[in-house]
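Below you'll find the structures, each written out as structure tokens.
Paired with chain B in one complex and with chain C in the other, chain A is shared by the two complexes that follow.
On to the complex of A and B.
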């Protein structure tokens, strides 16, 4: 190991954070950029399935709540893009990678939101799973990422609660409403489990990410945490658990669970989910429709600078 | 030498790796490099930091305290942005 590498590993081992101007191995930089930009893309693309319901919420109260939540996701995308830029990649490069498909986002957002119940299920299950992951990432080794996670977790605490509350109202409503809640749970439960990524034995980036403390807990450990916390929440709603194999294991102190359909996971990741094309097309369209704003800012700055030079002369 | 021609710089110090840089004060200096050395001599005499940022005070664009009311009032009537707004029964309240 070179002295730089030794110094880097000393910081990692001592639980010290790596800061933007520190020396770091290229592979570490790439790995953090990959994970952080993927996280940022997920926040931004994640606005689409929920945004789909903003004009059709069952009440004004639900509308302002949903607007706030979607606004938060935009803000969280911004924090993460900015933190990622400290590693020397530009915002434009990241957006291009997303639009060309070389960068990923959480595959859960390729599922459609068919009913109002789905909006509740996303808040409760999808944000719930994201929070489990993000709480763990508050201890990630890259300083700007860790600090971003602390802020995001704090702001996000309402996301899961508003979703669960919405489903609770449905679950306690008419038989049709209860059925709607059950249907949303059935469709979002398994994709939420897939959000934690493949099994540790199959995960391409896991080992190195753990060694460098970019990731602090394995995919399977985080997934187990989520499974355990969700069981009593499903019971309280009075809904049927979508996993018929779910069973408390006294010895392990965890719930045993059924197999995840990994074929579905890889199929959706590789572009064959219900909404993959729609999500990216919408992102490209929004980006292009906004180009006049960027052009106007540039034109205004050019004019201002030209005036300044004239005044000096 | 007169200090009147020197520029004002704001100083930010990171006390420990992993923490944010925090504003600690300001000083006069000729340029950025000198500001950094002064900041070290002035604000970290007892090893208060592991990293220093300096920036010209003139480069800071600040909101006006006098306008605070109208500037921030868009968030005053949005209690639903807080987790405590959602009342859940005890058995599921730990989310």
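On to the complex of A and C.
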């Protein structure tokens, strides 16, 4: 090990944060960029399935809550892109990677939001799963990422509560509303479990990420946490658990659960979900439609700067 | 209900309709902006307007005192019952179209709200006072955008001029008074918007001119928002906005 590598590993082992100007192995840099940009893209693409309901919220209060939530997600995206830029990659490069498909985003957003209940289910289950992961990432070794997570987790907790509360109202409402809640739970439960990624034994990046403390807990451990916390929440709603095999295991101190459909997981990851193409096309279309606006800003600023120089001269 | 109270209910409903319709149109931009910062900004402005709508409708419900709530006003009236200004219901269009509409509306509210703060009706005055701060920020943003788009590239200039030309005819009715509003203005409750027209035209013209845009001739004017004679756009907007609420009558959300 070079002295630089030694110093880097000393910091990692001592739980000191790695900061933008610190020396870091290239592979570490790439790994953090991959994870942070994927996180940022998830926030941004996640605006679409929820945005799908902004114009159809069933009350004005829900409209305000949903608008605020989606706006928060955009803010998280912005924050994460900026944090990621400290590693020497530009937002434009990251967006290009997203649009070309070389960078990923959370696969959950390739599932369609078909009813109002889905907005509640996303807040409760998807943000809920994200929080389990992100709470763990508050201790991640890259300083800007860790600090970003602390801030983002606070807002995500609100999101989860608003989603759960929206579903609670449905679950206690008319038979049709209750059915809507059950249907949303059924469709989003399993994809939410898949958000933690493949089994540890199958996870390509896990070992190195754990060693470098980019990841702090394994996929399966985090998933188990989420499964455990969700059981009483489903009971409180009075809905049926989508996993008929769910059963408390006294010995393990955890719930046993049914098998996840990994074939579906890989199929969606590989681009064959309901909305994979739609999500990227939407992003590309908005980006391209915005190009004349971005050009206008550049042209305007150039004119103003030229005038300033002329005036000084 | 006294004449004044009935007129105040009508007036408050109009202001609520204006806010919900524009707020809805702006909210259509979320995830469609030219870059992420604009998605956030649009979300902010939409939130301000929906917030305003809720305050106006809540007050309208209080005045009506017939068991209706803010959501009954927003979700249970059809387009012939809506009383919003036509300008605000026009589709979101391209980025230039939305920013020009926003500028025309922002200048309007910049002039209207300080007058409404003077209202003898304490609730209307309080809503106006809260909204003034938001509108100050809205105008700064829409003005900056119109300057940049008007004086940006050839394409942005063309799109922005087109938007101004397409929207201008819908601005005249913003300054119309009818019996209801005249009675409220005479009683120190409502604003005499006819008195705002000159100042509005001056402010808007100054900004358009600075943006190298041409101020259109007043050759055409479309009217009808305040009597429920809308463009075809509002019906589609309300269909989308109201369908979940109306599909489940009497439910809580």
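We adopt the following convention: the second predicted complex is superposed on the first by the 313 of 313 C-alpha atoms of A that agree within 3 Å, B and C clash if a C-alpha of one lies under 4 Å from a C-alpha of the other, contacts with A are read in each partner's own complex, and residues count from 1 in each chain.
Simple rule for what comes next: contacts are C-beta pairs under 8 Å (C-beta built on N, C-alpha and C of every residue); 3 or more make two chains touch, one makes a residue touch a chain.
The model shown is predicted, which means the values in this text are computed figures rather than measured ones.
Contacts of A:179 after superposition on the shared chain: neither chain B nor chain C is touched. Once the two complexes are laid over each other on the shared chain, residue contacts for A:64 go to chain B and to chain C alike. When the two structures are aligned on the shared chain, A:161 is found in touch with chain B, with no touch to chain C.
Of the two partner chains placed by the overlay, neither chain B nor chain C lies in contact with A:136. More residues of chain A are touched by C (comparison of chain B with chain C). Once the two complexes are overlaid on the shared chain, A:74 sits against chain C while remaining clear of chain B. By the touch criterion defined above, A:99 lies against neither chain B nor chain C after alignment on the C-alpha atoms of chain A.
When the two complexes are overlaid on their common chain A, residue A:236 makes contact with chain B while staying clear of chain C. Contact with neither chain B nor chain C is seen for A:203 once the two complexes are overlaid on the shared chain.
By the touch criterion defined above, A:86 reaches neither chain B nor chain C.
Shared contact residues of chain A, touching chain B in one structure and chain C in the other: 61, 64, 68. Residues 20, 24, 27-28, 30-40, 43-44, 46-47, 50-51, 53-54, 57, 70-71, 74-75, 94-95, 147-149, 151-153, 155-156, 159, 240-241, 243-245, 248, 251-253 of chain C are the ones touching chain A in the complex.
Residues of chain B touching chain A in their complex: 14, 17-18, 20, 51, 78, 80-83, 85-86, 88-89, 91-92, 95. Residue ranges of chain A in contact with chain C, taken from their complex: 44, 47-48, 51, 54-64, 67-68, 70-71, 74-75, 77-78, 81, 116, 166, 169, 173-174, 176-177, 282, 286-287, 289-297, 299-300, 303.
For chain A in complex with chain B, the residues that touch the partner chain are 11, 16-17, 19, 61, 64-65, 68, 72, 128, 143, 146-147, 157-158, 160-162, 164-165, 168, 229, 232-233, 236.
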